[in-house]
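Next come two complexes, and both contain chain A; in the first it sits with chain B, in the second with chain C.
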Partner chain A sequence: MSAGVMARTLRGFTRALGQTLVSEHSARESGLLQALDPRVKLVGLLALVVSAALARRLKVMVALFGLGMVLAVASRLSLWALAKRVWLVALGFTAMIAAPALFLTPGVALYRLPVGSLAITVQGARSALLLIARVESAVTLSTLLVLTTPWMHLLKALRTLLVPVEVIVLLAMTHRYVVLLTETANQMFESRQSRMVGRLSGHQQRRLMVNTGGVLLSKTLEMGNQVFLAMQARGFRGEVRLLSDFRLRGWDYLAICGFAVAAATAVVAGR
Partner chain B sequence: MLEEFQGEPRQPEALEFEADRVSYEYERVPALRGLSLQVREGERIALLGANGSGKSTLLRLLDGLHFASAGSLRFRGTLLTEAAMEVDSFALGFRRKVGLVFQNPEIQLFNPTVFDEVAFGPLQLGWPREEILERVHATLDWIGAGQLKDRAPYRLSGGEQKRVAIASVIVLDPDVLLLDEPTSMLDPRSQSQVIELLESWNNGRKTIITATHQLEILGEIAGRAVVLEHGAVVADASPADVLANTEVLESANLIHSHRHQHEGVPHKHPSPYLRHEHPQR
Partner chain C sequence: MYAASAPCWWTALRRTRRKLFGRTLPLLSLFAAFSFVTMMFNLPLPGGTTGHAVGVGIAAIVLGPWGSLLAISLALTIQALFFGDGGITTLGANCFNMAIAGSFAAWGIYQVVSLGATAESRRRVVAAALAGYGAINVSALLAAIEFGIQPMLFHDATGAPLYAPYPLRIAIPAMLAGHLTIAGMAEAVMSAGLFSYLRRNEPALVGISPLASQVLPQVPRRLWGALAVVLLLTPLGILASGAAWGEWAPRDFANSATRAQIAVASRAAAPPAAVPSGLARLANVWTAPLPDYAPHFVKSVAFGYLLSAMFGVGLILGVVWIGQRVTRPGGEP
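Showing the complex of A and B:
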């Protein structure tokens, strides 16, 4: 990979991260999922994700995907944006993984390629379709959770599920500083680009990339140290304390029942 | 040089900090070299010095984040050591009394929202929930950032970030406030907002130590100026006396020799100000 490719990748990564941060806005919209207690949403949507993972019937997976779409619309999320940023990306990755199964799964031939002896089997197509449907359903439901819950509320909700404090701090810091570090990396590449005259050989480009990576790592460690000092300066002693103001209301109990019924039905019907 | 340059005697108040021949090194590179300094209650001190003179390091030692490698540093008579800061009762009491605003708000603002940022300190000190809510709202209103409470701190402008960083420390109402370059990299309006904010908070009762190399704000932020050079104190006097001593300021790299021409005649004078006018001849 050349330094130019690396710089372009980083720019794309920064843009993608920027779009992810837009979720903080959608999380504050007044929609169905946004109105729910984050703990209910976390447990409910995770239950649906698990039921999608356990399901073996295509109809059940399609139903879960449909439920995800309905929830997205009720939560004022753009289906077009979901299609662009989530469904197409998930489809691309899963299709790559599922492609060999089309030909390698033994069974009745559905379509024989004109060249060679390869054939797509009915069983292979079904396996690939199941995998794609499962991934799309699970990714849609997980994305709904992220897009409709402020990041800190999500972390608090994870704490109620007894996720260790260290993991919570790590997630909080990663979310905050990954953007800053990616921007730093971008600026480093741009500053290098602005001082570069002529073309670099492959060896020089690789060396530049490794050096940049090393400097970025040093900066990361330094920044980590500084942030830790800033936390200590305000009394941080290792235990994170959160100002929890979650309160279950009437519709939260309704939602718990709804999620439980949907997940249980999907598990039973999907066997 | 210090002996030659002493300003007006100050009012005898209780000692907050007492640094006695303090040294500190970053991986064998000396940052402070035998620095001695006394800070009394209610003083407004400016730590002046060029980049690398040891200002930020001294603030971190005063805040109990780093510890002297030689010499001693006391806060209200208690030695500030790593062992002392490991004792919860002392450390939490100390954090309640002494607050540090870092130079770079990017470092200090690590919470997802402005509200969480300001609430972080009180939460760590175990304040009751209702008191935290009340104090955070009051502090945000005071800095004029009530409408920003749900915004991500890293999405704010430089001036707003600085004000939130100050609020995140001032919410604890510390007795001693340490500020590292509070107005650096700010536009003139944001600079004056930050200074007005600090003046309105202080009300003459608090001890404020500000590290800066901006001489133009000296008169507004301090009643005493301590000049650092290569990790040691080279001058300790009133701001007016320090500003009048161009030899010290030039030696500490706080001003530079300004050269220009008048009607073809070369002319040179040391000045902290780039813009100036000469009387008509």
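Showing the complex of A and C:
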């Protein structure tokens, strides 16, 4: 088998598991956002994300991106790590989508290419910049939420957005099994790779990947039965209770005001 | 798009709530986690490229459309919230396109294509592949339409698009080009492969009872009787006066009586004075084998109607029968 396909899959697993560890670690740092009540942080950062989505002015999006950077530094997050994980990835993806818009958007020519009849238009450049700035600012703010809040706290905070308790339980279980199944799949691929000599044809590669998926699905279903039996054994009878031990403190009220002012300013100035 | 997705999530939760705290709870969570993990599989495709599957095809077949809708929504939510890969503001649209529309498309395609197939029939594998392929392309088409209408709705005073910059004529081919080939194929390969695996190892999960696997589902006699009655009643159609709205021929625009009927049926809006250029150009591109449902050699209009209906129904049944013969394993009767 070409090492590329399996190596890329293994790299994907390693990246996902690494992100999980980084998020759990950074959520326990002692920084500005980590100190806030998860409900305040969830609603406040979501309000900023929505204001970035509604903004029609570039400078407002840049200001929100700058605010995100300030919050990241105050929360002891590495800007370099943020750049690698979020900014460069989002920039690469969005720029790829936005690049043709430079030429395809009708409007006043800004720069005419020396070869051919293609021209970058003012409207195309503005549209591409807006798209990139919007994505970068929204992704930065939502990543701050994930990196500064333990996953279980984030789920409990979703109750403030009236998310049904069943959905929260499902999300909590799904997240736990995502990590477990990623580790299982990682081990399956590693053990297969260590027993492999030579190259496989395209058909054999597809067969191997699909069979691995099938075995993973079998393991998943078996695990589902075991989990159900374990839940039954521990007395689960269909009632879900979430321990809600969040308490708002003075610092949180100040943060609520700060988020409200920032989001309202961005919405008004961004129109 | 959150507003469009919310009623579907609510209905799905209501439908599964009774079962949610039985085995369904861990099954949904685990299937969502499985879908998330398979999204990371690099699947080699014919032509040397690789693709990623979402798992919506197999989820719809195993969990049904409502369960699949929830499982794929959970996977996308984890992806967006925890891994930041999808974006929070676009989560509603992603769920609507992939989880909701994708699940129903996959389930519908599988049900239609596998109708009447035996448990071992290759047609079921083909149905699973088409379910995955169709679901991904329906999702991509919806996303393209959502992208494509944005420049019309949101632009500044200079005409610069504020959100997605491409109109429908660019967004639709650009999105579908990748999905009709790479992404669709990846989903088809994964759906068909996982379906084959489950049919071999966990047949009950894909709706196949091992004991009844050889029994071909029979079409109820009452259905044949109802079809025969409907066929015999088709001549009643000639009792209706005028042409069906929107089914006008070029000659109808020159006939004053038909023009009056069109105007009445169109709430007093007068039809154009001349034949619309598009209609004039396309009217003769395709001539039906039984024009106006009545062959020329048949003098009785009612008999012509009946004959055309029988011919049409026979043609459909013939195609289905040939499809069954072709996809039946080993050519068994």
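To be clear about the criterion, the second predicted complex is superposed on the first by the 260 of 271 C-alpha atoms of A that agree within 3 Å, B and C clash if a C-alpha of one lies under 4 Å from a C-alpha of the other, contacts with A are read in each partner's own complex, and residues count from 1 in each chain.
The rule is simple: contacts are C-beta pairs under 8 Å (C-beta built on N, C-alpha and C of every residue); 3 or more make two chains touch, one makes a residue touch a chain.
Keep in mind the model is a prediction, meaning the values are calculated, not measured.
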item: Touching partner for A:Met152 - first (chain B), second (chain C), both, neither; value: first
item: First (chain B), second (chain C), both or neither touched by A:Ala101; value: second
item: Chain B versus chain C, judged by how many residues of chain A each one touches; value: C
item: Chain B versus chain C as contact partner of A:Met231, first or second or both or neither; value: both
item: Contacts of A:Arg28 with chain B and chain C, given as first, second, both or neither; value: first
item: First, second, both or neither for A:Leu181, with chain B first and chain C second; value: second
item: Which superposed partner A:Met223 touches (first chain B, second chain C, both, neither); value: both
item: Common interface residues of chain A - those touching chain B in one complex and chain C in the other; value: 151, 173, 175, 177, 180, 223, 227, 231, 236-237
item: Residues of chain A touching chain B in the complex; value: 21, 24, 28, 150-152, 172-173, 175-177, 179-180, 223, 226-227, 229-237, 241-243
item: Chain C residues within the chain A interface of the complex; value: 9, 13, 17, 20-23, 25-34, 36-38, 40-46, 48, 50, 58, 70, 74-75, 77-78, 81-84, 87-89, 156, 158-166, 170, 189-190, 193-194, 197-198, 201-202, 205
item: Chain B to chain A touching residues, read off their complex; value: 60, 63, 65, 88, 91-92, 95-96, 99-100, 102, 104, 106-108, 110-113, 116, 119-121, 123-126, 129, 132-133, 150, 152, 154, 168-169, 172
item: Touching residues on chain A, where the partner in the complex is chain C; value: 2, 5-6, 8-9, 12-13, 16, 19-20, 23, 46, 49-50, 53, 56, 86, 98, 100-101, 104-107, 122-124, 126-128, 130-131, 134-135, 138-139, 142-143, 146, 151, 154, 164, 166-167, 169-171, 173-175, 177-178, 180-182, 185, 202, 205-207, 209-218, 220-221, 223-225, 227-228, 231, 236-238
